[in-house]
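Paired with chain B in one complex and with chain C in the other, chain A is shared by the two complexes that follow.
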Partner chain A sequence: MPSEPAPSTNEREFILAALRENTRLDGRALDAYRPISLTFGNDYGTADVRLGKTRVLAKISCEVATPYPDRKFDGIFTITTELSPLASPAFEVGRQDTPELLLSRLLEKTIRRSGALDTESLCLVAGQKCFHLRATLHVLDADGNLVDASCLALIAALLHFRRPDIEVHGEDVTVFDPREREPVCLTIQHRPFCVSFSYYHAGEVMVQDATLLEEQCREGEVVVSMNRFGEVAQVAKYGGPPVDGLSVLGCMSAALERVKGFDKMVTEKLKEDEKRRDAGGLMAELSAENERPVEGGDRVML
Partner chain B sequence: MPPTLTLHPLHRADGSATHTTPLFTILAAANGPLEVSRRDELPEEAAIEVNVRPCSGVGGPRERWMEGVITSLLKSLVLVNMYPRTLVQVTLQVTKEPGMGGLKRAVKDVALLAGLGNAAFAALVDAGVALGGTMVVGLGVAREGEVVVEPGEKELLGCGSVHAVAWGMRGEMLMAESAGRFGVEEWEGVAGRLRGDAMGAIKNDEEDGDDVMDGEVGQKEPWLRQALGESVRDAGAWRETG
Partner chain C sequence: MPLDSSSYSLAQFSTQAAADGSSYLEMGQTKIICTVNGPQESKRGGGSRDQSNAARIETDISIAGFSGVDRKRHGRGDKRTQEMQHTVSSAFSSTLFTHLFPHSTIAIAIHVLSQDGSLLAACLNAATLALVDAGVPMSDYVVACTTGSTASYASNDEEADPLLDLNGLEEQELPFLTVGTSGGEDKVNVLIMETRVQMGRLEAMISVGLDGCKQIRGILDDIVREHGKKALNSRVN
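Let's turn to the complex of A and B:
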């Protein structure tokens, strides 16, 4: 299996020299992202994120399963990331190599361990039945910054997904078909996003959203995950030269700005998608949820 | 409705294609010829590796079986002798599948095979791998003596048997997979109909196709020829402007 061809010495020197002058090959500013596009599929729980030439497809599915015996009140949530030769011939099938391992570990830390998804809400009957939520990430094109694109796709897909509605009577559980009852949203407690920074020239130059070529030339990276309130889920720095503490603080504030942008984009896109689905204004009729009084809304009449 | 084919949706793979039918959407990528691992190396021909990746989760025995079927199909198509001691790698990613429950797995698998075959072929064409000819995999269902080609979810749910048959450009059968209950006559009916459609999908508009089409039902627009012709025209556009 061929490995990713390393950039030639000339290429590398050129990129590094340009970065020293605060210039990137594609003319972006050092802290600029490539154009991001987020589209949702026709089915619930499908999100396609394009970040320049990088493209990630996230898909959520769910089934009824038995919970783990040591976690009786929790549903199961698994994230599968498998890099395939679709993205690049260098990715081998069935062998977990470093980029894949790092990607799945970062997503695990950012989304699962930060408690973004309320797994308790996936429990049906304690110790017997729960939903098994499966998130699968398909990396279709790898042109750098897989982590940010994957995390964005995953969060967007989770927010877009609807699980089948259920009814519990004692120990009997009825899972309703989407045609019988409108499926319901997942309980997402917060939305963490990853922002990665690449370091060059012994930590002097910091770049956001590196392309594949820039990633191959970098000395180190810092990945920050946080939500729009600035709550940090994790900070990772894998190797590379030591980085000044102040510079990491700079990363944090830059990440916060970026995350706010991501959050806004996802919210807007979700709203658009909802409008598209709600063609005849039927959604409100289909919902089985009780109406909640909206604060400041005209429904509160006391 | 004929299937839609988009060539080269991906940037990194040598060749790629998206194949969309009412049932499935499949994204295929072909890389080749590549360096082959010592274990798979064949002294006189190219090894073909097919990977089928399901919509959600990781592949199991069913995907391995489909990989086997597609591998042998592609082996009869790719001119493997032109690339000795190399690897032609085809990755097939299912990106959309019918959501309706109650579909038998065996039926779904055969239905999927048709899409996988067409997508793999288009990706190989896009990758510029030398092929021995053109092929179309047709999907048909038989239901109480009636034949429906290119079935949707509803037809698939109520069918007696489902058949995926691959036809080469000279009218030779390259693959035949079926599921369900059926007799020889029923099978012949479906296969004949699919052959007519396959010939229709790759027929040349400029020529008079009467010699092939005589007496065969279900002439369709040449969707495959159109899609491939377009990509060839696009690839050669620089010649005309320069």
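Let's turn to the complex of A and C:
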């Protein structure tokens, strides 16, 4: 089993001693993130997140499939995580080990179980046809904090994705080509983001956005997922040395601040991307949606 | 809210003669057998390659097909089970004195016979008992319980007390979390929550959970001491 070479004792001691004095190797504050860049691809539903040297690419695709017999009114949504040797020599192809297991479980809990995506809206004909939405995550470079980067990429990609427009007459479904009708957005009910905290010195020092080296030296981690309204989707602290109950609660409030920042950034980037695509006001022409009355204006009752 | 201690009366030691340590635990209708083997030479990959300077903790959870309401096969590859295995392993990694047993493995095997909520908590409690029975040195028990929040955020009822030790039906309906402690009263060792809940409610939930852990700790401690007394008496006579 290949694994990342462990940091030398000197290196570890140095990092731990520095952290005791609230200093990190790269000079960041303990609660600071590395510079984040979020870019969207030319296709709908691709998001590329860079967090320092960590880089994650999320791609959403969809196809028409048969729903699960026990969930007739729901579409199918699957999240696949790919940790390939491309990202780090510690990852092997097709072999599921703990980091990959935890990453996929955390994303599953954060996004799927918390109901971020309205899967009912993916249903076409109950029990017969639905959209199968696949989210694939490719980790291109791993330098710590894969969970936060992956979650950010996934949420951004879901918000960016457009599925083909459809028309249902009885049991006949017409799926329109993007050239015939402008694709439509997914129904996202809330936007949860993951924030992970690595702790050192029995929970006295909490660090956000740890690099790979810092992750190798840490005692344990606490991963919090929440949306900007303070709804916690998931909390995970898998063992490790015990920490104070209060510092766990401290993580929550720190996570809320961070999540608000993430949410704002994603909104801004999406707006930028929309502007870039909407050269010459083309979108308004292409949209098949009826104009909605402006908020605060007279409501038209149908 | 006091825990119904009668539901824990069925915690037994040394139920499996073949294992180094074993326990049987019932938390309500959740029933678990846990066996511990080790510290022993690693089976996987041969002992010669295991050059670590601390014992590795390997957990294996098998959930019986008949344990739930509907018969379901739980494969080993089930991600949820694997996550629980990882949680149990790492929860004990900080309390067991693994550094005393280099190049070796402590194998925890958990068999879930019946599940009705608080599964992870029951697994941790049963594993603690089995590890005590196996005589693995540890700094403290790992004890865990679940807490659920009754008042929905919408009703804005901040006064409502969180529930302690949920059963299967409650777990399906309410937001809940599993909290595990070791090494001190309000030290959180394990904290797993998978359901959506407003941030403001977590504080009450965690503190009630920690309080519950304290009670369970007392119950487990009584059982351990009782067993110790019995073992001593049988030696004397």
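Note that the second predicted complex is superposed on the first by the 294 of 302 C-alpha atoms of A that agree within 3 Å, B and C clash if a C-alpha of one lies under 4 Å from a C-alpha of the other, contacts with A are read in each partner's own complex, and residues count from 1 in each chain.
Throughout what follows, a contact is a pair of C-beta atoms (placed from the backbone, for glycine too) under 8 Å apart; a residue touches a chain by one contact, two chains touch by 3 or more.
It should be emphasised that the depicted structure is a prediction, and the values quoted were computed from it without experimental measurement.
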### Task
Kindly say whether there is room for both chain B and chain C on chain A in the superposition, answering fit or clash.
fit
### Query
Of the two partner chains, chain B (first) and chain C (second), which one does A:86 touch, if any: first, second, both, or neither?
first
### Task
Pick one for A:256: touches chain B only (first), chain C only (second), both, or neither.
second
### Task
State whether A:41 touches chain B only (first), chain C only (second), both chains, or neither.
first
### Task
Determine, under the contact definition given at the top, whether A:142 touches first (chain B), second (chain C), both, or neither.
first
### Summary
Once both structures are superposed, the least CA distance from chain B to chain C in Å comes to 12
### Message
Quick check on the output: what are the common chain A residues between the chain B footprint and the chain C footprint?
### Response
none
### Query
Which chain A residues qualify as touching chain C in the complex?
98, 101-102, 104-105, 108-109, 113-115, 219-220, 222, 226, 230-246, 248-249, 252-253, 256
### Query
What residues of chain A sit close enough to touch chain B in their complex?
1-2, 41-43, 46, 53, 55, 57, 59-61, 80, 82, 84-89, 93, 134, 136, 138, 140-143, 177-178
### Query
In the complex formed with chain A, which residues of chain C make contact?
79-80, 82-83, 86-94, 153, 177, 181-184, 186-200, 202-203, 206-207, 210
#### Entry: Footprint of chain A on chain B - complex, ascending
10-14, 16, 27, 29, 31, 34-35, 37, 49, 51, 53, 55-58, 89, 91, 93, 95-96, 99, 101
